[in-house]
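The next part holds the structures, each set out as structure tokens.
In the two complexes below, chain A is the common chain; its partner is chain B in one and chain C in the other.
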Partner chain A sequence: MLDFLKNLDRRWIFLAMLLAVAIPVVMQKTFPEKPTKLVQDAFDAIENLPDESNVLFSFDYEPSTEGELAPMAKALIRHCCLKRHKMFFMTLWPGGLPLIEQNIEDIISKEYEEEHFARGKDYLNLGYNAGREVAIIVMGTNFKRMFPTDNDKIPLDDPTLPMAHDIDRLDDMDLIVDISAGYPGMKEWVQYAASPYGIKLVIASTAVQAPQAYPYYPNQLTGVLAAIKGAAEYEAALGEKYPKYRDPAFNDAIRRMAPQLWAHLLIIGLILLGNGIYFAERIKGTRR
Partner chain B sequence: MKSNIPWLIAAVTGCTMIVAWFVPVAKDWRDEAGTWYEILAAIAFVLGGANLFTQHLQKISARRAGWGYSAVTLVAFVGTLVVGLLKVGVIPDDPNYPWSGYHQEEGSALWWLFYYVYNPLTAAMFALLAFYVASAAFRAFRVKNAEATLLLSTAFIVLLGRTYAGAWLTSPVPDEYSALTFPGLTAIILGVFNTAGQRAIMIGIALGVAATSLKVLLGVDRSYLGSD
Partner chain C sequence: MKRETIVWTILFIAGGLFLSYRAAFSPHGMGKVYVKAEQVNPNSQTDLRTKYIGARPGEKGAVLSIPRSVGLWLAALFTLAIFSFLYRDNVFFKIAESVMVGVSAGWAMVTAGFWDTLVPKLLAKLAPDMTRAWALPKLEKTSHADPLYLVPLVLGIMLLWRLAPRGGWIARWPLAFIVGTFAGIKLTMYLDADFVSQIRSTIVPLVVVLQSGQLDVWASIRNVGLVFGVLSCLTYFFFSVEHRGIAGKIARIGIWYLMITFGASFAFTVMGRIALLASRITFLFDDWLWLMDPNHKRPWEPFFSG
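Moving on to the complex of A and B:
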């Protein structure tokens, strides 16, 4: 038995992981979530802004991390729609642009169809900028130098885009929300936007990047959504305040916490099993 | 001359960025430098693409090991570039200008490639991590010494604390001792120990960046210009 376990084919482990994730996905079991202070602060940052405030979203991620970050993006946009904040979308990642378009289409245009959000009046897609952190630095004092037009090449001073007319500097934004998977992303927004201008900044980040966000909270970062757990907590906070959003259709992240639970338990079990084999072998070796 | 001019450009631009941070009058120079950076960053994409093309083409023509993968890379690269540049499947905004539509319009070939090829492939690559982490946890995570024991204990607490299992297992703990629950301990690990470690690393990196930047600006370090 010990030999079998010691030489366990890794395909059995892969199969166990597949089942640990697939079964909860099929079962659709969910667990209650309670927002931690980091997430509650992010929620309050959007909730406590006066209606129709300017919120800049930076989609600094690509499809590889969409499984983790898309539920955060959706929940944050829904919250801004409920408060009728004016949403500006941009990305510093080339693959982020289609994700912005998808979210605008799925959430603002379809979910909130009856609210009649208008492009240029209620939301604006500024598109992609290749300037990385330098783009943030220049936007700090001259927003329209980095984004003279929106993604449809319409100048920001055009009468059809009234929401952009008064935006000259980054601190004309009441809040920045960065959905970040790496560089350029969270750190650059902290260093070149939140710190020098004191703009409120909320971060939604992947699990691997989240530990780097903690040193900036609560001074430079107003709130942090860390990994799928952070997204689930945000959905719980949204459902608490707006009961309509307790519907599982709006709870992508909460539904993903069950597969995460079983995957974590499997990893713990595998570590214990691996160490059990290790100690059993050592005892066997000592006896010989 | 070959290294002096690029160094001079780097030094002048770097100094402009620093001066503009403290002297508001120099703000316009910084914005100008920023615009140039944006242009150069965009050109870097073209150079990167050309480099990728030549490297893989050389590998194929020399029939080096794994040249088949290079062929797949080239076909995917050229295919995506062509459908994007030629706006294949894009309906023109103005019938008089056949290329007037948006290059990533819904239903176009580039849109299709993004959503049905690039999107699932990159997501699948990232998802594979779970399988490799599980396999590595079984084979490599051993309690061999005190440091490994500390690492393992921390991993268990955080793994449990980030799921409902942690809250459920320590649910009998009264609220006044919530710091002793798995979620409470996870918050302490991330908020105290992790923050302290991260800050130390960040300060160290910042000092290193400042020193390296100074060497670059003064022309002491020119290694970034290449060896030629």
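Moving on to the complex of A and C:
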């Protein structure tokens, strides 16, 4: 038995992991989530802003991390739609642009079709801007120098885009929400926007990047959504305040916590098994 | 024929038959994308451009989109091709990997490099009329040529000189400019956001007393742990004193703090990877195979309703 386990083909472990994730995905069972303080603070930052405040979303990620970050983006946009905040969308990553368009299409245009959110009045897609942290620095002092037009090349001073008329500097935004998967992203927004201008900044980050965000909380970051767990907690907070959002159809991240649970149990089991085999080998060696 | 080849052939035939059955004979099929037309600028009377957005099957104005459906099938088949590497390296994985690398490089060069950087940030500044006529019809007519942008043009050409057979040293000048500029930008902001602000964040009361006069035990423990953790980690990285005696013991605790931090980071990474796997599996079962529909994207009952 010990030899069998020692020489177990790793492909059996891959298969076990596939089943541990796939079966809960198909079963669609959910577990209750309770928002932690970091997530609750992020929620409160949006909730406590006066209606129709200016919120800048920076989609600093690409499709490779969409599985983690898309549920956060959706929940945050839904919350801003409920508060009728004016949403400005931008990205420092070239691959982020289609994701902005997809979220506008799926959430603002379809889910809130009856609210009649208008492009240029309630939301605006500024698109991608090259320049990484330099783009943030320039936006700090002259927003329209970095974004003279929206993504459809319509000048921000155009009468069809009234929500952009009063935006001259980054601190005209009441809140910045950065959905971040790496560089440029969370760290740059802290260094070049939150710290020098004191603008409220909420971070939604990938699991890999999340440990880098914690030292900035609470002085430089208002709230942090760390990984898919953070997204699930945010969905729970949204559902607590707005009961309509307890519907599992709006809870992508909460649904993905069951696969997390089973996959983590499998990993813990495998770690224990591996250590058990190691110690069993040692004991066997000592006896000889 | 080898046993493994027979197994793979059977698996492929079974998979192909399942997909053919789902696509052709199941009541609603699978892997189709529907779209509907929408005006780009609904507030404008003159801008009559339209774009297509995703729609539910059967929705008013919804039509089947062949290009998006082909894209969906390609995404699904490439996902399976990449997953096949877990069994062993194979031709499907190689194809998917090569396409991924090629498309990413092409996308970065054409979209990010050329259309989003060179055209609007350089050509539009140096030759606005030409750029408006050729590439950006909506570019403001009041734009004038700005000779200042000759500087980045010249620096860019100098940087590319590295590729020339002679005079590679010319590329060092713009490189020096880039290094110097970024060092300056990074240093000042890093000092503020990551040095001074982080020190400030570490200066916290070790005994937290609430407004009611009660001791907040957990907050006090947390703050003590924070301050002691920072000091012990700093001690570990302080090499001017030999790590013996008290300094050695504190440095040892610093190592424990670091190990716990690395463990938490690794656990976070595992969580991230599982989230991505769950996302791909959801994509395959939901968007491609139409076996489940957690977001109610289709007007009929799915095979797995949860």
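Simple rule for what comes next: the second predicted complex is superposed on the first by the 288 of 288 C-alpha atoms of A that agree within 3 Å, B and C clash if a C-alpha of one lies under 4 Å from a C-alpha of the other, contacts with A are read in each partner's own complex, and residues count from 1 in each chain.
Basically, contacts are C-beta pairs under 8 Å (C-beta built on N, C-alpha and C of every residue); 3 or more make two chains touch, one makes a residue touch a chain.
All values reported here derive from a predicted model rather than from experimental measurement.
After superposition onto chain A, the modelled positions of chain B and chain C overlap sterically.
When the two structures are aligned on the shared chain, A:F14 is found in touch with chain B and with chain C. By the touch criterion defined above, A:M27 reaches chain C but does not reach chain B. Once chain A of one complex is fitted onto chain A of the other, the partner contacts of A:A227 extend to both chain B and chain C. Judged by the touch definition given at the top, the superposed model places A:R145 against chain B, while chain C stays out of reach.
Contact with chain B, but none with chain C, is seen for A:L265 once the two complexes are overlaid on the shared chain.
When the two structures are aligned on the shared chain, A:A164 is found in touch with neither chain B nor chain C.
In the superposition on chain A, A:A118 makes contact with chain C only, while chain B stays out of contact range.
Legend: residue contacts after superposition of the two complexes on their common chain; A:M186 is shown touching neither chain B nor chain C. When the two complexes are overlaid on their common chain A, residue A:P98 makes contact with chain B while staying clear of chain C.
Annotation: chain C segment clashing with chain B after superposition, chosen from 26-34, 170-178, 206-214 or 296-304, is 170-178. Residue overlap on chain A between its contacts with chain B in one complex and with chain C in the other: 14, 17-18, 21, 65-67, 94-95, 129-130, 134, 137, 152, 210-211, 215, 227, 229, 260, 263-264, 267. By the touch criterion stated above, chain A contacts chain B in their complex at residues 8, 10, 13-14, 16-18, 21, 31-34, 36, 62-67, 94-95, 97-98, 101, 129-132, 134-135, 137-138, 141-142, 145-146, 152, 210-212, 214-215, 227, 229, 257, 260-261, 263-268, 270-271, 273-275, 278. For chain C in complex with chain A, the residues that touch the partner chain are 38, 40-44, 47, 53-54, 86-87, 107-108, 111-112, 116-117, 121, 136-140, 185, 189-190, 192-194, 197-198, 200-201, 261, 264-265, 268-272, 274-282, 285, 291-292, 294-296, 304-306.
Those residues of chain A whose C-beta lies close enough to touch chain C in the complex are 11, 14, 17-18, 21-22, 25-29, 65-68, 70, 94-95, 105-106, 109-110, 118-121, 128-130, 133-134, 137, 148-149, 152-155, 160, 190-192, 194-196, 206-208, 210-211, 215-216, 219-220, 226-229, 248-249, 252, 255-256, 259-260, 263-264, 267.
By the touch rule above, chain B contacts chain A in their complex via residues 17, 27, 30-31, 33-35, 37-38, 41-42, 45, 102, 104, 111, 114-115, 118-119, 122-123, 125-127, 130-131, 133-135, 137-143, 152, 155-156, 159-160, 162-165, 167, 183, 187, 190-191, 194-195, 198-199, 202.
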